[in-house]
Each structure stands twice: as structure tokens, then as C-alpha cells.
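In the two complexes below, chain A is the common chain; its partner is chain B in one and chain C in the other.
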Partner chain A sequence: MEEPSIVLETQKINAWFGKDQVLFDVSAHIPKNRVTAIMGPSGCGKTTFVRTLNGLHLMTPGARSSGTVLLEGTDTSTMDIVDVRKHIGMVFQRPNPFPTMTVYENVLAGYRLTGQRLAREKADQIVETTLNKVGLWTEVQTKLFKAGTSLSGGQQQRLCIARTIAMEPAVVLFDEPTSALDPKSTAIIEELLSDLKSEYSILFVTHGLQQAARISDYVAFFMLGELVEFGETKRVFVGPQDKRTEDYLSGKYG
Partner chain B sequence: MAVQPSRSDRRELVRERAFTAAGLTAAVALVTTIVLFLVQLFITSRASRAAFGIPFLWRSEWNPVTEQFGALPMIIGTLITGFGALLISTPFALGIAIFLADYAGKKAAEPVKYLIGLLGGLPSVIFGLWGLFVLVPIVSRFEVWFGKLVGSEALVASGTTGVGLLAAILLLAIMILPFSASLILESLLVVPMELKEGALALGATKWDTIQNVELPYVRRSMVGALVLSLGRALGETMAVTMVIGNGMRLPHSLFDPANTLASAIANQFLEATSPVYIASLIQLALILFVIAIVINIAARVILRRGVQQ
Partner chain C sequence: MTARKLKNSLMGFLVAASAGLLIAVLAVIVWHIFISGVRYLNWDFFTKAPAPFGESGGGVFNAIVGTFLITLVAAAIGTPFGMFAGIYVAEHRGQRFADIVRLCADALQGIPSIVIGIFGYTFLVARFRSYSALSASVALAFMFVPTTARVTEEVLNLVPSGLKEAAYALGARRSSVVWNVSIKTAAAGITSGLLTSMARIAGETAPLLFTAFGSRYIEWNMLRPMSALPLQIYIYASSPYPALQQQAWSAAFVLVLLILLLQFGAKHLIARVLRVKA
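Right after this comes the complex of A and B.
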């Protein structure tokens, strides 16, 4: 496998909630068109890490961060935060389709929210292709104009993936997107990732080792706010270089 | 062998039964009081219904000398002041609530919320005094100015008082503002964080999020809040009585002195001497009672649907 290029580079990211520092000098190179799993025990800072990438971390009262994020070489702090978020999409832990919008409107929510008007044909086309990409088109074709929240949990989460990729981001952050879903819905979303990575670069936060092994090409292992180990998934699982990674993989931490 | 309840279990049981009984008694007493209240209003207003019947609702004459009474001017006055106040205060209430929920930091929002609560708890007679000494003179000056503008000598002449519908509407708008602002604020605060973050993560600005996610989400509870505020405005007595001018004829303009159902009762009860006069005032109270109940039930229904959604 040839070395992928780098889509996202972080340099010495630190993050705080009030006086508590939760991330310490995290520097990482996220490969393009690959699935990178962010794993580690609860409270290790993996969610905070991805939230610093699209600036959501700072929405929490009292939160601060420092360091540099380069998106395809551009320092994101020089970009408008709105543009950063259009390029770095995010799917959340629990499905959060907008309850006052239909399935159709949910797919296009990013356009509507940012005030971009689409011609009817263009809109229809985006909805169909995007829902196809997340394998939802045949399932919801007849329910396009029902509330997004009327779908099942797994379908709702795929709808949220659809509304994220409808904006054509370069990177998609997944923050434990299957933790609220049943095994079957989880499997569907895991399968989806291998299709999606041809177009998008994916960061996938998970606390499940099995899941990280199944889905990812690369893993970043976090502990107590530090990036302990980063590398190709096979290499890290077979021969971890850091003692802490080895202990975690052998089940010494929860 | 049956297990014997321990002594503390038995004591707990007795306490629980006593508490249930006391609670039930209180609840029954409350409901009974309201029912008796309605019955009482109904009985004491009988003379009015005997004299005028149902047409009392749309008769517009109110003359204690000839003992001819009709509720239409007061019903109109109540609706105009209530809806007028709601119309004026709602944009401000919405602005305050959105600002406190999404823009002001916690440090700024807390004291303002406290002040709003304080303002809402202020006795209405104080609002009435302020209305009489500050608001009414302003309205009076505006009325004279407006009268000159449209060339109406009648307005210029009556403008020397300033009391009337407009003063009542403005005063009510100010009085219900803290109430509706805090109700709307409560509903905005329960919009799930994950929905706001979902919108922000798609590149929406704060204002985009408020407009397209938060406001649609709270639409129903907002309507409920406004209906509750309307209920307040319709029933407000003291402050309105002080600035509305006790006019018993159908108002022809916003500057006319008028009466609401509540202010008519407050203004005239002491001077009501004949049985039909008294009964007619109580009949007004009955009408107000029914309006208030209908409004409150409507608000609850809307609010409950809002929660279920």
C-alpha cells in the first residue's frame, strides 16, 4: 500500500475545560482517504481532540485550546470558522436529525442553514445521490417528506451522515457514532465507511478495540490527554511500540 | 409464615396514609372552592340575566341611570388591550429571550434573569402609578401632536387627559413583557445542545441556528407562552383601571377612554347601588372568568403538545 498524502495535520494541540487540561501537545498527521480510528479509554480526550478540529470545543463555556490545525496545508485559524466546518464535517454520538425538518430537508440542512439556495432539480439530485451513498435511498424513498425523526435510530444516524457529506467536506469526524445503535445498524455504518473513504478522509472516535480493528486503516491511541501511539492499524495491534498501548490492547484498562 | 412488618415499616405506612389523606383533602377543597366560586357568581348575577338575557353580551349601552346594561364595550376593551399589548410586547420578549439564551454569557444572563423575575413580581398598583404619572402624560402629548397632524380638533381637545385605550395597551405591554420573555427563555433553554451543535457543525452561524433550528423547535411552546401572557393581560385589573379612563361607551379610537371587564368592575363596584347594576357587574366577572379559563386551557393544551412533539 502506497503512503497516503496528509489531509490534516495538528501541531501541539492543547485543550482545557476551565483549569483542567484535557489535551497535551497532540501532534498528528491524518492520512487522506483513509479511516483513522481515535481510540482510548473513557476520558482520554479523544472526543475533545476531534472537537478541537472543527472548533466545537470552544462552544463549551470555559473551554480553551491552543496549537495549530493545518487543513491540506492551510492553517485553519486563518480561515472563517464557518468554512472550516464546511470542510470538516461531523457526525455525533447520538443521531441528531433536525426534528422540525423532513428527511429531504435534513439532507439539505447544511445548505439551508448557511443560506445557500438550490434549484429544485439540483436539490433533488443532491438528496438522491447522497442518500444513495449512505445506502438509505431505497429505504426512505417513500418517506422523503416525513419527519427525519420518524426513521429508526440507525437510519437517523445514516441521515446525519448524509447531511454531513451533502456539503462535500474533505474530512468527516465521527464521534462514537454507533454507541447508541443496535449491532445491525452498527454493522451497516461500519460497512459504509469503506465506501465513504474513497471520497472523504475519516476520523472515527471509538472506545471499542474490536471496532477500531475492523474499520480502520490507521489508529491513534490516546491516554490521559496524550497521543501515545499513531500508526497503521495492523502494525499497532500486532506490535505496539508503547507499553501503555500494549497494556490497553491486552485489556489492562477499561 | 407471613413476614411481620417491622415497627418502623408500620410507622412509615401510617405516615404515608395520613399524608395521602391530607393531600386528597386539600385537592378536593381546592376544586370545590373553584366550583363554588362559579356557582356563587352565577347566582348573584341572576338579576342581570333576568333583565337582559344572552343579548347582554352584545348590548353596547351601559347606563346606571336608566338601568340599561350591556357588556360589549368592556368585552371589546378587554380584547383590544389584551391583543394590542401582546402585539407590542412579543417582539421585545423574543429579542430579550434570544439574547439571554444564546448571546449573553452566563455572567450577564443571570442578573438580567433575576431583574426580569423581580419586575414580574412587582405589584401592579406600582405599574399603575408609573403609568398615570409618566406614561399618560406622554400619551397625552402624542395625542395632541397626532390630533394636529390629522387635523382633528376633538383629539387635540381630549388629548389633555391622555387616559384611554392606548395608555392601557402600552402599560399592559410593559407589564407582560417580563412574563412572556421569561417563558420564552425557558423554552429556548431546553433546546437540546446536540441539535445546536449539529447545526453549527454544518457551518451554520449562531443566527442561522436560532432561525432554522431553535425557533422552529420551540414554536409550540412559544405560542403557549404568548397565550399565557395574553391571559395575564386580559385579567390585569389595578394598573389598567388607573389609566384606561373608565369610559362606558364603545371606543371609536385608540385614544378614547374605555374599560376592560376587570377595570369596569373595579371602577364601579363601590358606586353600584341597584340590584340590577350589581348583578350586571358580577355578570361581567363571570364573562371574564370564562375567558380566562378558556385561554388558560388553550395554553396548556398547546404547551403539552409542544412537549410531546
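Right after this comes the complex of A and C.
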């Protein structure tokens, strides 16, 4: 496998909630068009790390951060936060389609919420292609104008993925997107990732070792707010270089 | 029976009896008003102004018109202020100024309505040298704003934070999140709060005594004195004429019916909000 280019680079990211520091000098190179799993025990800063990338971390009262995030070479602190979030989309732990919107409107929510008007044909086309990409089109074709919340949990989560990729981001952050789903819905979403990575670069937070091994090309292992190890998934799982990674993989804690 | 079991059943009885008493009080009031009021209800009662003194018949259409106009105008004045204040407090949770606004809303809610009435008299009626329905609406709006602000804030706080985060993550700006996500999701709850606040002011009497003053004629002009159901009840019930006292009961029946309808409407909407949330 040839070396992929870098889509996202972080330089010495530190993050705090009030006086508690939760991330320490995290520097990482996220490869383009690959799935990178962010794993580690609960409270290790995985979620905070991805939330610093799209600026959601700072929306928590009392939260601070420092360091630099480069998106395809551009320092995101010099960009409008709206543009940053357009390029770095996010899917959350719990499926959260907008309850006041239909399936159709949910797919286009990003356009509507940012005040972009679309011609009817263009809108129809985005809805169809996006729902196709997440494998929902045939399932919800007849339910396009029903409430997004009327779908099953797994379908709702795929609708949320559709809503995110409809904005054509470069990077998609997944924050434990399957932890609230049943095994079958989880499998569907995991399969989806291998299709999606041809167009998007994916960061996938998970606390499941097996899940990280199944889905990812690269893995970042976090502990106590530090990035302990980063590398190709096969290499890290077979021959971890850090003692802490080895202990975690062999089940000494977690 | 042991002492513990005895205590247990005694407490159980007291709790159930208190709950039952609550129902009984409402039932007695509603039943009495119904029995006393419904007998004298007729078409004239709803469509005619009071008969001249000494003549029988007539109705309270003037008061029904007044209650609707005064309440609706008060709500129209108070809704934007109340809603915006509520949005402000909900969006700035934990900040000092928001806490002060919330505290003031609570304090304003606690001001007795008679004081609001005197206030309306001093600053509106006395200044413009005329009793008017509009000054009554303004006085009632002072009671409408704090309840609306508090309800709006509480309902907005019920909107799951995950929805707002999802909107921000899509690149939405704050104003867009507030209008397109928070308010839309909470719309039914906010409407319910508006209805509850309207029900509350529709039954107020004290502020009207000093402002709307009352009128025996069917009045549509907000700048002139106007009657309202609570005023009409107050005047008729304290009159020496049995025919007017009977009409007071009928008016009470209509007023209670109106307020209960508003409240049931509000409850129905709140039930819908809770379903969306679950």
C-alpha cells in the first residue's frame, strides 16, 4: 500500500475543561482517504480530541484549547468556523436527526441551516445520491416526506451520516457512532465505511478493540490525554511499540 | 397490627385523602358555577349588551368582547418581549446577566396584581386622563411577560443539546441554531406556555378595575373604557339585584369555561412536546 497523503495535521493540541487538562501535546498526521480509528480507555480524551478538530470542544462552557490544526495545509484558526465545519463533518454517538424535519429535509439540513438555497432539481439530486451512498435510498424512498425520527435507530444514524456527507466534507469525524445501535445496524455502518473512504477521510472514535481492528487502516491509541501510539492498524496490533499499547491490547486494562 | 404498619397505612390514607380533596375542591367549584350559571344562559346572554337599569334580560356580550380584545392585545404586546427574554436566558445559561433576568422574571411574577393595576393607573390612565382597554392590556402584559419568559426558557432547555450540536457541526451559526432548531423543536411547548399565560391574565380582575374600568356598551375601541368578564362579575355580584347576581354566575361559568379550555389546549400541546422528546 502506497503512503497516503495527509489531510489533517495536528500540532501540540492541548485541551482543558476548566482547570482539568484532558489533552497533552497531541500531534498527529491523519491520512487522506483512510479510516483512522481513535481508540483508548474511557476518559482518555478520544472524544475531546475529535471535538477540538471542528471547534465543538470550545462550545462547552469553561473549555479551552491550544495548538494548531492544519486542514490540507491551512491553519484552521485562520478560517471561518463555518468553513471549518463544512470541511470537517461530524456524526455523533446517538442518532440525532432533527425531529421537526422530514427525511428529505434532514439530508439537506446543512444547506438550510447555513442559509444556502438549492434549486429543486439540485436538491432532489443531492438527496438521492447521498441516500444512495449510505445505502438508505431503497429503504426510505417512499418515506422521504415522513419525519426523520420515524426511522429505526440504525436508519436514523445512516440519515445523520447522509446529512453530514451531503455537505461534501473532506473529513468526517465519527464519535462512537455505533455504541447506541444493535449489532446488525453496527455491521451495516461498518461496511459503509469502506465505501465512504474513497471519497472522505474518516476519523472513527471507538472503545472497541475488535471494531478498531475490523474497520481501520490506521489507529491512534490514546491514554490519559496523550497520544501514545499512531500507526498502521496491522502493525500496531501485531507489534505495538509502546508498553502501554501492548498492555491495553492484551487486556490488562480498559 | 404493628406500629410500623399502622403508621404506613395512616400516611397512605393522608396522602390519598389530600389528593382526593384537590379533585373535590375543583369539582365543587365547577359544579356550583355550572348549576348556578347554566340556568340563566340563553342566546341573549352571549349576544346582547346589558339591559338598561330596571329592565330584565340583556347579556354580557360587551364583557366577552372585552375579555377577548384585552387578553389578545396583552398577549400580542407581551409575546415578543417574553419570548425574546426567555431565549436570551436559555442561550446564556450560567451567565450573570441571564441569572439576573431570570430572578427579575420570578420577582415580577410575584408582584400582586392589584399593584400592577395601580401602576397602570398611575402611568397610563392618569397620564392620558382616560380609562382605556389599551392601558388594561399593557398592565396585563406586565403579568404576561415574566410567565412567558420563564416558560420559553424552560421549554428551550428541554431541547436536547445533541440537536444543537448537530446543527453547529453542520456549520450553522448561532442565530440559525436558535431559530431553526431550538425554537422549531420547542414550538409546541412555547405555544402551550403562551396559552397558559393567556389563561392566567384572562381571569385577572384587579388590574382591570384601575384601567379598563368597565362599560355598559359593546365597545371595540381599545382607547375607550371597556368591560371584561371578571369586571362584569365583580360589578354584578356586588349589586343588590337578584337578576344581576344570577348573570354574574353565568358570566363566571363562561369565564371558567374559557380558562379551562385554554389550559386543556396547553396541556394537549405539552403532551405532544414530551412525545417528540421521547
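Heads up, the rule we're going with is that the second predicted complex is superposed on the first by the 254 of 254 C-alpha atoms of A that agree within 3 Å, B and C clash if a C-alpha of one lies under 4 Å from a C-alpha of the other, contacts with A are read in each partner's own complex, and residues count from 1 in each chain.
Assume a contact is a pair of C-beta atoms (placed from the backbone, for glycine too) under 8 Å apart; a residue touches a chain by one contact, two chains touch by 3 or more.
Just so it is clear, the model here is predicted, and its values are computed rather than measured.
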Partners on chain A (chain B, chain C) - clash or fit: clash
Partner chain in contact with A:Trp137 - chain B first, chain C second, else both or neither: neither
First (chain B), second (chain C), both or neither touched by A:Gly89: both
Touching partner for A:Trp16 - first (chain B), second (chain C), both, neither: neither
Partner chain in contact with A:Met59 - chain B first, chain C second, else both or neither: both
First, second, both or neither for A:Arg163, with chain B first and chain C second: both
Chain A residues contacted in one complex by chain B, in the other by chain C: 54, 56, 59, 61, 82-83, 85-86, 89-90, 92, 94, 96, 98-100, 109-110, 112-115, 160, 163-164, 167
Residues on chain A engaged by chain C in the complex (per definition of touch): 54, 56, 59, 61, 81-83, 85-86, 89-90, 92, 94, 96, 98-100, 109-110, 112-115, 149, 160, 163-164, 167
Residues of chain A defined as touching chain B within the complex: 54, 56, 59, 61, 82-83, 85-86, 89-90, 92, 94, 96, 98-101, 109-110, 112-115, 160, 163-164, 167
Residues of chain C touching chain A in the complex: 94, 160, 162-163, 165-173, 176-177, 180-181, 184-185, 187, 276
Touching residues (chain side chain B, partner chain A) in the complex: 105-106, 192, 194-195, 197-205, 208-209, 212-213, 216-217, 219, 309
